[in-house]
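What follows is a structure written as structure tokens; I'll ask about it next.
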């Protein structure tokens, strides 16, 4: 029974619960949420991705940030250099998402992992390859397009 | 520019802000919220509305609740009688909603008011009539259908 | 119990902030607060974030900032009390110190409302009374709730839309002098009166805008104030807090907020104030719309019930009048980033009492006491906080 | 500083509660708490509601309950710390009393998750890390975050999926004896192992369910305990609290939660505990999935790092073992109505310590101390609270 049928039958947008028969009011006001996020401070990250580069920010004080951030809490400056990360490291963990959120339901089950890159920073990314975790597994970071149609990055065993 | 165009042009779901030119990431994951609310405890209210009655709950201790509630915090019992309210009272306040939420955008500007019924309880409802507020204005409660197609109630000046 | 002092403050520019994401917006007020207090993130023992969210992407802002600003592994939580969220956050920081569980607490208020399109924001704020009995069934909006107070007030006391307009004119007058304000432009009564109705009798210029912004204060115990040798500080003298019914129809009256009167009574009692106009140097009141500023004058005892509109009409809440109110531009013109507003009021109290306000909007400080009145929903939550130069 | 005691508790039936709306569900735990403490709503001086919301309609639950349960005009706020929301609410109540601002505080935890369809709930919980860098870009779900801990743990220490399954078997064993639990049915390891993967290596029976429920405690100061002549009470001995980074990629390790270790260290220090297994009579730990229960054993020092899975394998956390854990069914089988969970743990501590637990699930009370470990997100928030029969 959908809400229109319910209004016809019950007089209200009310549908009795299948199991318990308890009356449920089906909200007639829908809210669609889709956010608008500023990436102005990390523009260069996307310019880099387009060129096949994985960029991080590096503060004058030496601290490296990935995901890149604009401000440094160590020295409280906001003057970052952009540096290119080496796209290799060691896989530290892995999962395969079988039960997907609605907004990822167009995917088959997908794997996601975290690797520690040789530069010392960690990266969370899609994982492509056999979903098996073993100590010291080397991976590379590949910049690819997936279903969404824009560049993203994957961890791939070497 | 929509998100698809943005992906084609910028390579990402990024659209520069019209005024400031700051890069904005347009969320590709939409969330639709529409709630399912239990009205099992106040079933009789809807059965009453269908018959043109405005019902409130009345506790054995004498306390009347409108909107109806199932539990009484005075005596901590949950054994309510249903009583019919007199559908007349005095209009206490009024507004006309010009800027409507998206989910009410199918309405023209609409008026809402609060009246104190002769039984002593107050009621918030649609208001139908000239949107003017004057001391002591008597109103009646009319049970009607509006655009949603199910019974609701309006305050109407007498 | 220890006294609790504000020893550092920071404030972002309020407005449409498409240039920053959420952590960047937070850092904009946190950085000056650290510098002001001469502290590092690692010195903080506990932190609390006031944020309403829903309209913005990041749900776990305390964790986001634990990472971005090096506050991990210190404890934290998010608090919410609708538009009084910032003051609720201050309460959690205040009691964390007063209870002896921490000596240094950071309180951050933030909202990035413009991560959603305006119609969604309007819809969401309208859900802040009784979702089912007011929004779902009768389409009430947030301006609508306050409009019902404005119209009831006008009917009862004979106030006019022009009286309310004067509140907006004052707000813009002072916002023009506040570099952190969203609307830095003077307006006149005619402009307000010409605006389209949002919810009758409230018009466009009676309403506070949709704002992105953050504000931050660092709180310290008496012991810590001494230990750090802090000279510039403002004490939290007291805070009163009240709650109202969800449904407006469950209230006795629409010309006053019972929760605000209750909160004010507590705050005054705890701070030893019996004549606020004489004992305070000024106040920030919750002018999410113009009419509620007038009602706030009465709920706070700045005048008798039914006479608030006369204070507005006569300009008695400008600097030099009976009591200066919202001389930072108020929510109306400084902007109203929900979670940040109460913290922004604390920043303003700090600036006013320490005579650091901008030129043209510094009140005369004689008593060394400033009040912040922060309302969530339509009196659903009420927080009244009194700040002072001298610990009581 | 005053001691703070739990003097009344209430607990709703956890599960799919299509029979009640939000205020009715709240009242179901508030009513017994009032009766238990022999108090009326008007006696409460301040109240705090732990609720995450978003998936449910009513945003202003403190105001809803101010109206429904006659708590107005007393002050209130809502607090949130993801799945540790209930413990954050307890912290606000605890500090409200310890700071001397109130003597009687009501703490309510509630969640009506089933006001949204399951896919929406799954989607929303997945947004509780870094929205942008984890959810938006890589589709992480909440089981996914913990699955990455489970797999890293298995790789490092050689634990197996069967070891985790044993945690689920224990949870169901005790839930079957708890009339308030969502799943009142025993299961075996084979059932867990046959379940479909939700996020490898976690399967259906490794996961806590989507639950509607509420829990309530009434807190009182020492003075009030005496004044009311309360005999049955449990003291809050200490609480530790920690925060983790939003992005998992910013952490050093995926076999332990740094925030939980930090919170435990504080809680133990404040309560004078140096050998938890010997000094506690039992614990509730945050088993939103089976693997994190094992990790919790280690983070809380019930065993050495890397040996938690052996406690599970050997059944050492059943009653009669080394230390009883989650003998109410845990989040896994009692259910996990986010905002209510931490408060439900407090209710369980009260029942266990006062020997009021149901038949077959009453632990042996020798030390008079019980621990609650409540995690928000994946260690984004960590709250460890120690309850005791004797005030420290």
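Chains here go by letter, A, B, C and D, matching the order in which they are written, and residues are numbered from 1 within each.
By definition in this document, contacts are C-beta pairs under 8 Å (C-beta built on N, C-alpha and C of every residue); 3 or more make two chains touch, one makes a residue touch a chain.
Note that the structure is predicted; figures quoted are calculated from it, not measured.
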Mutual neighbours - chains that touch subunit A and subunit C alike: B, D
Path length in the contact graph (subunit B to subunit D, fewest steps): 1
CA centroid of subunit A to CA centroid of subunit D, Å: 28
Mean-CA-position distance for subunit B and subunit A (Å): 37
Length of the line joining the C-alpha centres of subunit C and subunit D, rounded to whole Å: 33
Residues of subunit C whose C-beta touches two or more other chains: 18-19, 21, 54, 57, 120, 123, 130-132, 135-136, 247, 250
Junction residues of subunit B - those touching two or more other chains: 22, 24-25, 27-29, 31-40, 101-104
Touch-based graph of the chains, sorted into line, ring, star, complete or other: complete
Of all residues in subunit A, those that touch subunit D in their complex: 17, 19-20, 22, 24, 27, 35, 37, 66-67, 92-105, 107, 109-110, 112-114, 121-126, 131, 133-135, 152
Subunit B-facing residues of subunit D, complex: 17-21, 23-24, 27, 31, 34-35, 41, 54-57, 68-70, 114-117, 120, 123-124, 132, 135-136
Subunit B contact footprint on subunit C (complex, rising order): 16, 18-19, 57, 119-120, 122-123, 126, 130-135, 137-141, 143-144, 147-149, 151-152, 154-156, 196-201, 247-251, 254
For the subunit D and subunit C complex, residues of the former touching the latter: 1, 21, 46-47, 54, 57-60, 62-64, 66-67, 71-82, 88, 91-92, 94-101, 127-132, 136, 240-247, 250, 258-259, 262-263, 376-377, 380-383
In the complex with subunit A, residue positions of subunit B that touch it: 7, 10-14, 22-40, 43, 46, 49-50, 101-104, 148-151
